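Below is one structure, written out as structure tokens; the observations come after it.
We call the chains A, B, C, D, E and F, going by the order they appear; numbering starts again at 1 in every chain.
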Amino acid sequence: MPIVHVYMWSEVSRKAKAKIIKGITKVFEELGIPPHAVEVVIQEVPKENWGVEGEQASEKLKEAKPP
Amino acid sequence: MPIVHVYMWSEVSRKAKAKIIKGITKVFEELGIPPHAVEVVIQEVPKENWGVEGEQASEKLKEAKPP
Amino acid sequence: MPIVHVYMWSEVSRKAKAKIIKGITKVFEELGIPPHAVEVVIQEVPKENWGVEGEQASEKLKEAKPP
Amino acid sequence: MPIVHVYMWSEVSRKAKAKIIKGITKVFEELGIPPHAVEVVIQEVPKENWGVEGEQASEKLKEAKPP
Amino acid sequence: MPIVHVYMWSEVSRKAKAKIIKGITKVFEELGIPPHAVEVVIQEVPKENWGVEGEQASEKLKEAKPP
Amino acid sequence: MPIVHVYMWSEVSRKAKAKIIKGITKVFEELGIPPHAVEVVIQEVPKENWGVEGEQASEKLKEAKPP
């Protein structure tokens, strides 16, 4: 405990993934939870599968990219 | 708010995805929620990863296809 | 298939829940999926557990209510 | 985007929730994502519903508490 | 790894929860995964929040109960 | 009911998937739930997307493999 599921658009860089995992784990460490107890799972989802305001992000947010 | 996670078999058509996103967003609009507040995330899962009645859908429902 | 998980703030009215379930199921019916194949699970989450822009919705969106 | 679902044992303090939401949002801000795009949902789960090593956390980790 | 999220109707008995946790953990043990690596999280959801065939389970399946 | 979401590292063998689905379904059968009511969804996640102790499993657990 805790388990953290992160949902983002596909093609997050390897470096950003490392920072997300490290950063989120640290948030819990600062609350007194040992890092080995924290599991972070990043789920990458294609922009055409992600709906924003009733539209696919691949249409609505054409230029936007994940970190 | 709300966040909606949809789990379906892989290879949903682009058109069906657009309809799912639009349709679900509209369900909430009709309840007075502004569409920009609705996020829909479609997760496609291979049929061999989907268990129905104790069997893989790729075996049990060989002919069935997502929309 | 499909499975739909909906996350909303707590205290959604019984009537709104019925409309969400009916409405989402219909979205898939219109794509040719039989209604008995659609499962919808609404998860109600207290506003103090929901973060928006780095703050608890119970603070940031004090007046806002679920349908 | 992103959506973050956090699963923890029940009875997380209000203060800890605020820190989790703020901290996780900041992790993404540091990657260039605007804070209004980050949604964090904390799901509290009773210890008797949480299995660790095949046992309920309410039995196996009797003394442990969430932050 | 693995993480297992189980969604069921509310009011699962304490005994059934223990069996679910033990049983699922064992499924992975038999595949060579050490039990301390398996986390099982049971999420109980009120029947009125669960949609089956477009209706609330609290209406459609009035008599049915979780184990 | 129930719905079971299993998260594992990518490249689980077809055979292991079949055993997971069969085994988990059986756990619920033994509690009196008919197998057709059990849905199991296995989500495979690349090791570089899975954080353990603040690090990517692809780094920290280089040799480890899913079943």
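Here, contacts are C-beta pairs under 8 Å (C-beta built on N, C-alpha and C of every residue); 3 or more make two chains touch, one makes a residue touch a chain.
Predicted, not measured: the structure shown is a model, and the values here were computed from it.
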item: Those chains which touch chain D and also touch chain B; value: A, C
item: Steps needed, at fewest, to go from chain B to chain E via touching chains; value: 2
item: Centroid comparison with chain E (C-alpha atoms), farthest chain; value: A
item: Distance from the mean Cα position of chain F to that of chain B, given in whole angstrom; value: 20
item: Averaged-CA centre spacing for the pair chain F and chain C, given as whole angstrom; value: 26
item: Overlap residues in chain F, where contacts from two or more other chains coincide; value: 1, 3-5, 7, 20, 24, 26, 39, 41, 43, 50
item: Pairwise touch network: line, ring, star, complete, or other; value: other
item: Touching chain combinations (by label order); value: A-B, A-D, A-E, A-F, B-C, B-D, B-F, C-D, C-E, C-F, D-E, E-F
item: Contact set on chain A toward chain F in their complex; value: 5, 14, 17-18, 20-22, 24-26, 29, 35-36, 38-44
item: Chain B - residues contacting chain C, complex; value: 1-9, 16, 19-20, 23-24, 26-28, 30-33, 50, 57, 66-67
item: Contacting residues of chain B [partner chain D, same complex]; value: 3, 39, 41
item: For the chain C and chain D complex, residues of the former touching the latter; value: 7, 43, 45, 48-56
